[in-house]
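Data first, discussion second: the structure below is written as structure tokens.
Naming follows writing order (A, B, C and D), and every chain is counted from residue 1.
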């Protein structure tokens, strides 16, 4: 089913969840000012799916069209469509679409459980398919949680057991888990959260090698909403003060698992080191690759903002500034191109189509560099006003007339319009997106380490040896 | 006199000013939560001046020691001491010291008025000296305002007269001016504001070629405080939530001049194109050069934060992360080195010692690149938590114990301490400092244009010609 | 037909051509020491075509398999295979394959002449197909010439007519052309040279808007071989002195057209501004995109060399150096990924499949940056010895034993082997490849200008407007 | 004494030295085509010393004026004058001045031996002063040798003793040493070579901890000239073919010490780990700092070349290209500024004035980045012709008239002049200067490691702690 934004929001309003904002448990979370922008972003994924066929593929599993972000990709074209969707969402919302990690998780758990069952004769894959059907049929919004809080990085997980999500009890009907995850974008506003390991584990650390799905309503699950970046402004009642008032800054949370019971039907990997590693590898490549398409969309949004700002300032004909925009377009198309190349040169893995691992990691590296460069270009183009502007409240306040007058520039834009653009660019420059670009899908260093391990160095040495008759 | 922080604050409390926050005129501005961090920063300049002799030079003009930031530099050593002070303040406060532009203005108006009087037989220089004496004797906090709001950049000033500060009436006892300035860091909390032109002007545009001092109490002067970046958080009552709770984000304002009367004794350049250009050139070189020392101090602060974060995470022995810190140190010392080099290779101009113009502009370019690189390194080192962290309110709230537990890492730091570091780095990544680095002292493009005009290309062509016998 | 290296070389030996080296016309050019490496590179394209099916596609036009570089691409897969071939050749030879421009020309002239005939009712396309059949059947090596010498860039072509290739006479049986082209990689060792315009022209400049094929044997065609970079060393009889002794540095030439007669059957565009622009646009996108794959292959070669050097020095376990190699892999895979993405998201144009223009230009930008970064990494990894090493002649000379001893390092490599690697990296650092990376397919600025013209800025502005309800 | 170029060359012609080029011992080395450009460069240092007073300071040691490069610096001004001299030489010659390392060695051995004698009661310092007097009186050209061949880097020196210069015999009248050094710029054409250790050593490795002076005539000293980069071209008899025909590419050599006897009077440190480390530290800081000034001069030369090329091409009014030149000026002035800053903020050490260590290392990092950026800018500005140009031999050869015609551009330059500029830029792009920029004074990694060890991290942490009340 292709769900609607209304259905999603209605469903959300019916849920009871333990969500904390600024130290207090909140009610009616779906309409809470700190959470509403995230809800809007989720909602927009439903709306956009209706605009283009390739965002709503037909699923054999359920015999109907489903949201592309709940789909298990089988072909290069599937993967390209998914990256197109990703770029489009990022461009249009200037923030996270939140369902991206859910899609990565589905496309990682599917092949990993299939291989696990083949190896061990278990039935994890069937359990997963059962949930996946439900997800596809109801167009549930899914997210995924990887990063454990980790505590002291100089210690192994077992030395500080509770800093990593782990099994505290194995029961007949399921397992009980404890620990905490961070960086969970939008988990509090999803229907389903997949839980995956944050790293590979060694023998003796099996208790951490687990994969399962948690429902936000499950007892003992607690969400603590971030309070960073432009977040605080969200609470204002201003119309355009936070810059991206509709969709807001990427909003994550810490998820505490306080002895949470997970029935076996939602456990997909249980204390299996290899399968946990598989799932992590699939997820990482998928998420880094989607991240490149996401950065492309973000840069698109910055390009649009830069162009509007030049026009609002009467500077649209200055060649050197237009060239700076072209530089931004180059990195946007470059990052997107890599994700598409990764889809085209991907590989089959247990029915699924996975992105090319080299390019997935290259996409991460070039995406971060491109995002940073674009952000600095955008700031340069926009002028100092994006860091010093009065507020909409000033424009409507006691000195409103004067503020409006002095905020005006090109006659093609009203002062309000120009200020909205200023605040939008201020949002880009001061939101948590730069942090997200660096750390989303793991740090650049993580991608370089992956490349070190997978690069076929012998092939390249051989080419040189042939050249030199060595 | 070397004033004290207490005296400055007391003085501030005695002033009546027209200051607007979020559209409303405020009372008791010196203690207003949005303004208090700026006041703290000004206050700290007084405290630090007492710690090192070279921050409190002896002034012949008044026959006593004065604050280095109110001093007119006469030697290379003066300029070096000024840059040392600048770096130290930036490092210790992680924000603007606000008196920097005042110092630049003093060192620009002095030689420009001296030359003007010699050329025209006027007495502007004496007027200026009279005010300067008062400033030095009372250790007044001074700032300077350059940037006009500018309106539509495709038009000349005369086509949109009121978008540039200009003379509306010339009277026997003074002049009346109107217009608005933006990007005025801390002007609302200073004793004296110098007002300088934002650009050079052509014949027929003399009405804009003016330099004067305004007292914030003058009738018709209105300050509209910015509402950007982490500004909004300032209003919280959190102890460390805004990251840099004591000194805050750089706080600027729009200054509206609503037919403000300026007596002749505070007018230092009146409708003189050449003198206005001189003052602008002196100011720009001085401010860009101070900006390089300032970026060095900012990077120092980031270096300190990065090192503390590694320790708090138990990662202090990871070589590749330590190397990233060393890269930050390299750009900090590089930017600082350029400012010192500019002082050493400066030049005498009408009694004053001015920084080397080539290096001043090079310092701007390399300072921006270094700041950006350092910021990305800092984000990379610190981890994603700086963009996703719960708040101090969560740590003190209903789930406080759990939040504390899961925010803890190395035993050498309490969870509160670690969170303070997290929030401080979040501040660096999401404040307006990146914008300030790009645009403070003018955009990088402005420095490149200056270099194009001053570079001695013939000397370099000649060297090549000699090499090639051309 | 898939030709053999032997056939190609034999054919070459049978040709009579006017080729000049160091001011003198040479004989037996195919075996001349300055030209032999280029011949080897051409020859290797024949050898490699036999190793993988996708390098030898079936051509409907001639009803047999043909070399991928003589093929007109019809599908995304065709284009991907071409880029795979390109990368492989660059990786294996560490230099130009020389047939790349021929392939770009075929894929540009084909759709442009088809459109031209449809528009004008002419038969240029049939003429072209006739030659293309011959090329495919005989597996001729083709190159293409674009860049005119241009003279004084501040003048239009008509003001310095002879600095641009142009029509000097239109006859019944053909045309007579005059002028000169530069940067012609390998033209002197090809079977066929396509001649294309270097830029777009305005009305009144039709004489320059021509496309045709020249045979190097045509009377009046003169090739002047470059004498740059490591070229001079080619003349030594040393075995490994020039670093890349087999395939050499990219070798170009100036081609002088001294009143050359071209029969109509080899004229494909005659004084048609639009068709000339079409051909230029197709060529530019194709060549920039192939350039990204080429840079990937070059970086692969550098990666192989870096890895061998670390092993030869006993440094293969130093993590920070391995990370530098991973950075190189990231840009190689990134540039390659963009070219593949461009193939996947290309478009149909008059039967041909053309690469996505956005990505083609992005690939150029990111390819240059990546190449430069990789080169600096390679130099850094390799150590100063690559700029200071004695020669093979020293190793074989009077002090041979000592030189061998002091050039030795890890026991896994003989001193000769280590020196070969040193000289190969010296080749990378001092050959003309960096210049080629910057200027091949036009300068980065040319790509940015193209992006400025084709970027869909409205789409991006619209996304922002929707975000902001503008 | 301020010697003259003639005296230096005459002296050189009188020496008997064992010098090998391409495997053969040569005679009349001073006039050998591969060595002559180096001799010209040395000679120019004598000429330039006569043009400016600060290049010829008065030495108390000998009671007369001496060449700045043989002077022991006592004040910040001394060091600044030295860096000015360095920049000027690099700018004017576009290559190494070769005496730079000699100057670094003098300024490192002086304070280190003074401290050593104070600590141990030895008389090394007096020995050194005796030689220094001779050097100053005769204006001898000095160079210094650091880098040992090193062999397998995974082994300690003692495991491959002969790969490091070491003591093989201690005699009453002196010591006998054996081993080999590489990267020795111009050593073969100097009067005196100082020999310093390449690294610090541990206890038990004392045999390597030695410092002495060798005369190139000493028995057993063998110089093997490099054969890299544009070196091979030097042998041509063309007037401007090698691009920088007068001064050539930086020419280094391998120096083999085949049981060389060094009398005690020329031994300055003998098997003392601490003193050897001191000398290395002083040398490294001094050389890295001089390297920053040197890069500034190199970039100046590139700036001159870029400007001439634009004029020769008729492109001097294109703003975007002029901006690229301004970017080069920014990094030139930045690197120079850091070296001047390092002089100003240096420190006194046993009578000598040493550069600030932070800035010395920062100068290295920023110098390399700036050099690379400038080189790419230069290539971009100059156009592809610098990688594809015919030679002067073509211009004078059979097709001379045509080549001249097609190489011509702006009428302000003859074709010969334009080609000289082309070849000069080709020289910058294909010489070993990029390698030299990366590795001269040690790799960038070495500077970062130094910064890690010397950075005052506590001071920076403390500033943050104060900010946060930690």
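We take it that contacts are C-beta pairs under 8 Å (C-beta built on N, C-alpha and C of every residue); 3 or more make two chains touch, one makes a residue touch a chain.
These numbers were taken from a predicted model, which means no experiment stands behind them.
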- Query: subunit C and subunit A are one sequence twice: same or different residues at the contact, by the over-half rule?
  - Reply: same
- Message: Let me check something: if the centre of a chain is the mean of its CA atoms, which chain is farthest from subunit B?
- Response: C
- Task: Determine the centre-to-centre distance between subunit A and subunit C, using the mean Cα coordinates as centres, and give it in whole Å.
- Result: 40
- Note on the structure: Distance in whole angstrom between the CA centres of subunit A and subunit B is 37
- Note on the structure: Here the gap between subunit A and subunit D, centre to centre from mean Cα coordinates and rounded to Å, is 51
- Note on the structure: Among subunit D residues, those touching two or more other chains are 320, 323, 445
- Among line, ring, star, complete and other, the chain touch graph is complete
- Query: In their shared complex, at which residues does subunit D touch subunit B?
  - Reply: 76, 80, 91-94, 240, 244, 246-247, 300-301, 303-305, 307-308, 322-323, 325-327, 329-334, 336-345, 356, 358-359, 361-363, 365-366, 417, 420-421, 424, 445, 447-449, 451-452, 455, 457, 459-470
- Task: Could you pull out which subunit B residues touch subunit C in their complex?
- Result: 319-320, 323
- Item | Footprint of subunit D on subunit C - complex, ascending | 20, 22-25, 147, 149-155, 162-163, 180, 182-183, 222, 224-230, 232-233, 236, 241, 250, 252-254, 256, 258, 313-315, 317, 320, 372, 376, 379-380, 383-391, 393-400, 402-403, 405-411, 426, 429-432, 434-436, 438-440, 443-445
